[in-house]
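You will see chain A twice below: alongside chain B first, and alongside chain C after that.
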Partner chain A sequence: MAAPLVLVVLAAVTVRAALYRSSLAVFIAERVEVASPLNAWKRVVEGLALLDLGVSPYSGAIFHETPLIIYLFHFLIEYAELVFMITDVLTAVALYLAIQDFNKVVFKKQKLLIELDKYAPDVAELIQTPMEMHYIPLKVALFYLLNPYTVMSCVAKSTCAINNSVIAFFILATIKGSAFLSAVFLALATYQSLYPLTLFAPALLYLLQRQFIPIKLKSKSFWLYTMQYASLYLCSLVVIICLSFFLLNSWDFIPSVYGFILSVPDLTPNIGLFWYFFAEMFEHFSLFFVCVFQINVFFYTIPLAIKLKEHPMFFMFVQLAIISIFKSYPTVGDVALYMAFLPVWSHLYRFLRNIFILSCVLIFCSFLFPVLWHLWIYAGSANSNFYYAITLTFNVGQILLISDYFYAFLRREYYLTHGLHLTRQDGTEAMLVLK
Partner chain B sequence: GGMAAAAALLLLLVVAAGPGPGRAGAGQERRDALREELLLSPLPTGDVAATFQFRTRWDADLQRGAVSHYRLFPKALGRLVAALGVRELHLALTQGFWRTRYWGQPPLQAPAGAELWVWFQPTVTDVDKAWKELSNILSGIFCASLNFIDSTNTVIPTASFKPLGLANGTDHHLLRYAVLPREVVCTENLTPWKKLLPCGSKAGLAVLLKAERLFHSSYHSQAVHIRPVCRDASCLAVSWELRQTLTVVFDFFSSGQGKKDWSLFKMFSRTLTDTCPLASQSKVYVHISPKNKEKELLEVSPPPTSVHEAIVQGEKKTYAVYDLLSPSLFNTSRSLNVQLKWKRPQDSSEMPIPTLHAQRYVGGYGLQTGQICTLIYNTHPYRAFPVILLETVPWYLRLYVHTLTIITKGKENKPSYIHYQPAQDRRRPHLLEMLIQLPANSVTKITIQFERALLKWTEYPPDPNHGFYVGYSSVLSALVPSVTAMKDMDVEQSPLFTSLFPSSDGSSYFVRLYTEPLLVNLPTPDFSMPYNVICLTCTVVAVCYGSFYNLLTRTFHVEEPSRGGLAKRLANVIRKFRGVPPL
Partner chain C sequence: FQDQAEQFLRSGHTNNWAVLVCTSRFWFNYRHVANTLSVYRSVKRLGIPDSHIVLMLADDMACNPRNPKPATVFSHKNMELNVYGDDVEVDYRSYEVTVENFLRVLTGRIPPSTPRSKRLLSDDRSNILIYMTGHGGNGFLKFQDSEEITNVELADAFEQMWQKRRYNELLFIIDTCQGASMYERFYSPNIMALASSQVGEDSLSHQPDLGIGVHLMDRYTFYVLEFLEEIHPASQTNMNDLFQVCPKSLCVSTPGHRTDLFQRDPQNVLITDFFGSVRKVEITTETVSLDRDVAGFESKFPEEELATEPLKYAEQLPVAQIIHQKPKQKDWHPPGGFILGLWALIIMVFFKTYGIKHMKHVF
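Let's look at the complex of A and B:
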């Protein structure tokens, strides 16, 4: 399995290197879909230039990266392209190893449930076999590395790649079962972009499941483990934030980074829903709707945790998708991360209802984004509504994709426990509805 | 005996009652003096520039001591200076742009719109509060919208603006500078300005200030400068000086009807009839320097009372002087109409190029990015000199200082001093100050890239597609080398137009230039759509919420056959008629 992975990595690196040398690199770096005010490379360079001039990078409204990025690129600015290529490769390798381990866990669990007779007798075709699971890790790495979104993100040198890398390592650490490393990487991911805070719940559920601790509110061991994990997470977060203080000897980075993410003052267009909404918002309601939109990202966690407590990896996937869709400054790099997981759920294909329409919507929207941007900004023959419409369509497409996968997952679970060929009381074939 | 005693008592009472509180100043005379002058300078392109200066000097200390008796110094401004702790105040309202390249160095230039810069006294504790109050009060005095000056267009330059009057210590935190590029100047601003003059517009040079001619011009700038000056050569006491200046350039084609001969009547549709009785000096200067020093170019009539030579802006210039206070002037006619006639046609090759001039423009295309390019020309054949460049850019054009490039003669030119303060969204603008050395006979190009921000729909001005004025023109302050060395001169004796800027030594003179205001378009949202956008975006969020709600709260069930709705039963009835099996 290592050889195909190496081939994929080589192909990905070649594509990226070719694009770096071409004239498309400048064009891609300016795309608003790829570079947002939070993770554009131009702003990192600007922040470092301000530091050279003796002005704090956080004194203006240009630089919104964490001090970790300043530390990293202060020394590595000459090798930026190499850094981003290596980051992408590391992400892909981490995902590969994680999914490999996850498949083993899934297979073991499946075997256990079959032996315990939890499955209905006629569901043989729904059971995943090692044969079909064999190529899934490679497909995941392929989906991530050769996804045009990831390639564009890498060529634009958007620091989204670093965020994705940290999340990938977090997933790897969680699947391997190391609570400490998982907490550290989760703290790093939260420190970088705040929203991975919601990934605490699926990671906790996965680790509990791995330790065979039942998830009951009255159980003492449940609370003990939760407290342990939470304290590991919070301590690492506090340590990282304190280390950041010592870079510039000020807490200026907190309003500049987290205040910026939460209050959304910059209305530069992107593929998300926030920018036009707040550009057209009545001033009186601005604060209210900012709060509503931010709560929207966080409040799906508890209900999903309750529903999907037996399936924490699927919960992780849905949560990642929700973060990518509803965060304040999304880019296609965030979309690429959750799309990398789609091969893991390829066994749900037969239950997906709208996959053709949705993939068409997503592909067409991806092509229309630069076209309508050009028409608005350069040609002047369209206005902002055109670009906004494509944003809406793209987000609806993503939302329906996730809910389609969710539906398919739940349906398969029902079939596994109740049998594939359902009959009604009078013996005729039955339909399954959600009631 | 009794009568003498009563008389002595009366005398004693009168003497004792003499220096009462109301006449406390009668003992020490608080002298104030008004000097007015008009400078007419024909410009190389055939236009003519007229600069009025009215200078009131008051030997009183406005900061200390309760000053209650105002004579020539206007009470509105005096009380302003005393109450808000103002050390220096410079306010200019300008319409049009001074074309340095074609008209030469300006005597006093100001950027288009309103410009206000103020040095406060060190005793002022909250400078921002004083600044806000000051701009509001000035807005009322001059009928200008100076109340729009707030933190988004105020900057604190560190090197470009030094005090023009007496100062001990220059902590630049006491300085505030703001420009309002969209401000329009009209008669409403001229009237209160004229009211501040001691004679109003009824006598003296101010009778020429009639709005219908003054605003029919290429350039109109009226300014107020208040500053403390030395009372005498020993500088033991401080006097306050108020200068009101008005510069207007009459266009050769529109006002001159295509003929280059000018006269006071042609320019102002008025002539001078008498002097202001409150003025101690009232003169008209006409610039008649011969350009090629062979013979004179310009003939003035009636013959001037005297001829004055001065070294102004580094060059020796000759002026014909009409002293309105001299009795011989109004002997022949009741009114004075100075006429300027060209003796021979002017050669275009004689047009002198100013030593320092600059240009600024916006480069790039589209509504996403752009760049500001400033070109500075040093046309001196062998002397290099430094220039301080001040750029204030509003926050919605996000400057990237790592893209700043300064190129002179094809090579990079590193500034010896850079002060950059990045903008904060909706709070303060960008401030960039640089000290650049301009080599002799060179063009320096300074470019910096910016990104255009999308604003909230309420932040756009009316007619948003007109664009935003980036009128914070680059301010260039330089000590330009003089052609002729200037001697130290006595401020009281020399004409007013030579003594506004203090000169440290005779080898160079101070020049402050402003570049063109820029007009930049920003991407606009659709202003008719707030409700639609809110509904559509909330719909998308609701789609997610609805789908997830369904999937989270409902479970799968085997569908029970339903009895059939109304439609099904109707369909079965029709089928029975047709003889087809029912559904």
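Let's look at the complex of A and C:
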């Protein structure tokens, strides 16, 4: 499978290189959907320039990246384009390897469950075969590399690409079963943008499943493993934060990075939901609503963990999607990451109910973003409500997509255990309805 | 002839400037605009041209919608004297009359884009008349109903003017309530000050005109205007006469003056030294031939010994230096401890994951 992957990688690199050389690069780099105050490239350049002038880059409200990014780009700033292309390639390769291993795990589990007779007799058509699962890793790499969102994010040199690659390595490490590496990468991802903290739960569930530790609250081995993993994660996070203190000898980066993410002071429009609300809110309510909006991101972890404890990878996918919808400064790069996972659940296609409408909504909204931005900012004939409406529609589309996949997944699981042709007690055909 | 010659040597000024400021807006402060315009009229009549007058009016009374006689500003009941006229040039109008603009005019610290008509281009041989009117209190003068200038600021502005040699002598007249407080703090030389009332007293307005509906003038300026109407460019009236204008019986308030900072005796200071622009002219009947002197000029400065070649355009720019410049060294480097710590961590993670046994292959 290496050769097609190499081909895909070459095609992706060619597309990116072509776009870097064209005039579209400047246009894309300034678009607010692609570059947010957290990960815009010009802010990184500005921060490094401030550092060259002897001023701390966190002294203004310009630079909100972590010190490790400063260190990385201090030496690599002339090769920035290469760095971002290599990052995208690394992400795709990591996802490829991760999904390859995941498929093996899925297949093994499926075989185990068939042999244990856990499946109903007439669900042969729902069982995944190695034939159809063969091309999934390649499709995942393809979906990630050639997704227009990823390409735009790379051409704009947004550091979202680095965040995506750290998360991809985290997923690879989790699937390979190495708790230590997965804790380290999760700590790196949390360190860069706060929200991957919620990915702790699916990773923990996956590792527990891999070690065959049953997830019961009273089981001692469960708590032991959880404590081990949590302490690995927290220690690596603390070590990384302390290490970044030594870069500039100051704790300035903590309010600039984490305080900025949590308190959302910058209300530049983006594809998220925060900016419009906070732009028109009264001062004395803003603290309350900031707390509400931030809790919204972290809130779904526990219920999803309870429901999806047998299927931690799907939980990881849904959690990634929730992060990229509800985070304070989302960009299309975050959307691209969870969309890369869609081929893994392509067997759910027959249960998806609204996929046509949702894909149309998402595509239309993506085209309408620049149109309404132009109408609002340049032509002056629209106002922020228009752009906010498209933001809302886009996010509603994403939420419906995720909930559609969630419903389809649960429905398939139900059919697998209860059989495809459901009958009621009196023998007539029954319909499965989500209550 | 001897007296005139002596006078030529007495006051050291060669040009005259006037800064006339009305600081109040709104229709019921008509009298402040009329005050300022009366002084403007007198000063112009006595010879100071518009180019040497900075007139600041905070509101437009002549074209105010409440003015029953548009395009006029009267200073006397029965509309006897229209001080607005046809040739009024207002330099700072309406909202441009602010404390900042006033102080900038006085000190000369003005943005380069300001037109000449808005500048006080005085030099160290200028006599400046500064007239201010409006609503004031003990130590301050109100501008535009929103800000105020204090006597300390004014004194400091005059000191800046003195240190920058922007005046030879300065006459400061103020017609507001408690006006004497405004000149209490002056400390620069060559300033003479007059005020319409003492601290604790109010300056009162003169007569209302029932046709226009407002008071037309303040008492002090009304009597000063009456006094100035008698002056013509050749008058020998001196400052002591000006000090007698508007006694308490007519003005109700007690006008005050301050001459301790002024070097000359007020007896010797002519009204026209400040209110007019009297040119000192020396008449001579001899003819002076200029041809000899012109020839003499040429031989004064010998030609330069050094033969300088004209520079070519390309040589003016050190192109060779610029294109071979090395890129600037980055000034900031991450501290050594950080790099060491980071790579130590990375190596530790690597070996923890892939096993210690690889270490012996490295070392």
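Basically, the second predicted complex is superposed on the first by the 434 of 435 C-alpha atoms of A that agree within 3 Å, B and C clash if a C-alpha of one lies under 4 Å from a C-alpha of the other, contacts with A are read in each partner's own complex, and residues count from 1 in each chain.
Heads up, the rule we're going with is that contacts are C-beta pairs under 8 Å (C-beta built on N, C-alpha and C of every residue); 3 or more make two chains touch, one makes a residue touch a chain.
Just so it is clear, the structure is predicted and the values come from calculations on it, not from any experiment.
**Q** Is the arrangement of chain B and chain C around the shared chain A a clash or a fit after superposition?
**A** clash
**Q** Examine A:Phe278 and indicate which partner it touches, taking first as chain B and second as chain C; both and neither are also allowed.
**A** first
**Q** So, does A:Ser22 touch the first partner chain B, the second partner chain C, both, or neither?
**A** Touch status of A:Ser22: no partner.
**Q** Once the structures are superposed on A, label A:Thr417 by its partner contacts, choosing first (chain B), second (chain C), both or neither.
**A** Neither partner.
**Q** Give one of first, second, both or neither to describe whether A:Ala61 is in contact with chain B, with chain C, with both, or with none.
**A** After superposing on A, A:Ala61 lies in contact with chain B but is clear of chain C.
**Q** With the two structures laid over each other on chain A, which partner does A:Gln211 touch: chain B (first), chain C (second), both, or neither?
**A** neither
**Q** When both complexes are superposed, which of chain B and chain C contacts more residues belonging to chain A?
**A** Counting contacted residues of chain A, the larger count belongs to B.
**Q** Now for A:Ser219: first (chain B), second (chain C), both, or neither, which partner does it touch?
**A** A:Ser219 sits against neither chain B nor chain C.
**Q** Do any residues of chain A touch both chain B and chain C, and if so, which are they?
**A** 53
**Q** Which chain C residues qualify as touching chain A in the complex?
**A** 330-335, 337-339, 341-342, 345, 349, 352-353
**Q** Enumerate the contact residues on chain A facing chain C in the complex.
**A** By the definition above, chain A touches chain C via 51-54, 68, 70-71, 74, 178, 180-181, 184, 239, 243, 246-247, 249.
**Q** Using the touch rule from the top, collect the residues of chain A that touch chain B in their complex.
**A** Its residues touching chain B are 30, 32, 42, 45-46, 48-50, 53, 55, 59-62, 265-269, 273, 275-283, 293, 296, 300, 303-304, 306-307, 322, 325-326, 376-378, 380, 383-385, 388, 392, 395-396, 399-400, 403, 406-407, 410-411, 414, 422, 424-426, 430-435.
**Q** So in the complex, the part of chain B that touches chain A is made up of which residues?
**A** 365-369, 395, 398, 400-402, 418, 420-426, 430, 451, 453-458, 523-526, 529-530, 533-534, 536-537, 540-541, 543-544, 547-548, 550-552, 554-561
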